[in-house]
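Several structures are given next for inspection.
Okay, so chain A shows up in both of these, paired with chain B first and chain C after.
Presenting the complex of A and B:
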């Protein structure tokens, strides 16, 4: 693992921009991983329960890598960043905090998210900031399995029964607009793109993601295609909704109880 | 749904080993499930799944039972050869 100490020092503005960018990404992974973990014990079959719980752990593992990097850059504590911030300080995209819904909604959300994440990690493997490139390269291999998993389920729901197909189409219709918002411009992004720390702006990643999503929509229901044309909302802070308030309370409960230190 | 038997190999020159089974609707799903169910901590070089129905059992299992005393074929029969030889040599002397 390449430490920030092994990288050329960043000026204060670039460092602050990178912290903002990475924190939003770490929050995406943490919140989605937590949602995933809610399936533990309830997945459609026992083998899938194990597989999906393991994917939940992978997402938390990715969040850990990112929080550690943020902590090094901002002289902070990864556990505080993950579990001891007020709900209003989290910067994840709205799509990852949505309740799981049914299995079709869960798979559709995760597939759309992981395709987006694959676009993001692929370009960040070439980041000019070696510590970030190292983290991205660590994630790529696991993400490959996640995509395989979701693709298999997506196809089975699409081709299974009229009901499974309808549920997948309904879920995808509801999820596409907030999934597009994953590519909303980060407040600090331009500073990072200018120096190659982020090799590609979010807008260009969105175009790449659409290339992967279009064939999926064409085969499921071509009426969904126009939903890809919505413009992503910028990734600014947004009011804390009911769903995230409840999720945040549960996610941080052990840490807030003070018992966390002794686990 | 069908039962798939899961096999692994830890390295290119290692034997193929049975590790367990998964329930799945088809081969692709079986592979995806087997990977996480059995290899969350271990990392083999190869992984296979086979439908249990596609494994051909020997029906006449009674042929597996020994008909006559086959103990002379087992390694046990050749235990302590050096001592036996010494004893025979002493007898012949």
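Presenting the complex of A and C:
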């Protein structure tokens, strides 16, 4: 369990808002981690097979931390939160559930996501809620390795061949609108911003993310730049699509088997 | 406050040196820098604060259980509470010199001192082969078989080897 003993008690409304916020983030990490793990045994190089398996493990590790913190705050069970909720209850952004597609799509999605995650974790390192700040500081250091990996691959694909460049541009074109939605305002986010638990609203993080993404797009295909100007859709429940229905069925299969699995 | 029946902290720290990461059995949790604080109360209750290493490490819960089970064997210990804490953050900089030496003996090159900037040191410093000591080495993969290791090979003795990632 993650200890919240040293944190001041939260009133019911703040606690509920924090649980909602953390759960959406945990779901992002869990779902993307499962997509990453789908490359195990299938990546285009043996090195990438190892890399994506390891990255998947890191993302699931981050999800575990967040589910444990949520469980502590809501007197729940982290395994239930991760693996025994109906598909309609998950709150991840749509971009992480998209099928992996080709290698360019995989790299573009992960790089855009990790840059967004870096913006989020950087500000949460200064959260007024000590347990959350600790978790964020923990993640930042591990994410350095992911960012370095994806930056190298982004450049290889961009500068490799006309085909790799075109595939990277096509993938990025498809991914930018749903990636912007990572910064959709969370329900009751304002309650958390007001007391410094979340030091910065999602809208301000979007502006920060755009500063990192703009030079990437300029060097790849400047026609992609206007896609950054779309307004993010707020994070709330949305209909469960076929892609996530299938992923949810797979990632919960062992838990649902009743064989008594443990993390 | 400590009463007469409080178990000496030295005894508890010594006992913790028997607990190892099952994937790196050469290095105990104290030399790994994972034990932040040990407290003993007069009624036999012991609290241990453990700093998790890599978040994706599946061994964490097992290590927590082994810490509890090992300390419960000490005379006078009635109950052990293992807490995972993130302040301070565990870093490879916390590994003791003895831990680093044992890691190298196990065939894993220790991480360089990172001071919170692991990638800067990764690019700046040559990596010594844990088998022959040569610094003519090349990285094959930033990622390895566990979340804590990268893959290298030595251009002189030709051995592949792993290196603990700086965190």
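What we mean here is this: the second predicted complex is superposed on the first by the 257 of 263 C-alpha atoms of A that agree within 3 Å, B and C clash if a C-alpha of one lies under 4 Å from a C-alpha of the other, contacts with A are read in each partner's own complex, and residues count from 1 in each chain.
Following the convention adopted for this analysis, contacts are C-beta pairs under 8 Å (C-beta built on N, C-alpha and C of every residue); 3 or more make two chains touch, one makes a residue touch a chain.
Predicted model, so just to flag it, every value in this text is computed and none were measured.
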So, after the overlay on chain A, do chain B and chain C clash or fit? They clash
Original post:
Is A:104 touching the first partner chain B, the second partner chain C, both, or neither of them?
Top reply: neither
**Asked** Regarding the shared-chain residue A:64, is it in contact with chain B (first), chain C (second), both, or neither?
**Response** second
Touching A:131, do we find chain B (first), chain C (second), both, or neither?
-> second
Which partner does A:156 contact after superposing on A: first (chain B), second (chain C), both, neither? first
Which of the two partners, first being chain B and second being chain C, lies in contact with A:47: first, second, both, or neither?
-> both
Open item on the list: Output check: A:141 vs chain B and chain C. Expected answer is one of first, second, both, neither. What do you get?
Closed with: second
- Query: Regarding the shared-chain residue A:55, is it in contact with chain B (first), chain C (second), both, or neither?
  - Reply: both
Name the contact category of A:176: first (chain B only), second (chain C only), both, or neither.
-> neither
Between chain B and chain C, more residues of chain A are touched by C
On chain A, the footprints of chain B and chain C overlap at residues 47, 50-51, 54-55, 145, 148-149
Given the complex, residues on chain C that touch chain A span 52, 54-58, 61, 83-87, 89-91, 116, 118-119, 140-147, 151, 165, 167
Contacts from chain A onto chain B in the complex sit at residues 45-48, 50-51, 54-55, 145, 148-149, 152-153, 156
Counting only contacts in the complex, chain A reaches chain C at residues 1-3, 5-6, 47, 50-51, 53-55, 57-62, 64-65, 130-131, 133-135, 137-139, 141-142, 144-145, 148-149, 263
Per the touch rule, the chain B residues reaching chain A in their complex are 22-26, 28-29, 32-37, 40
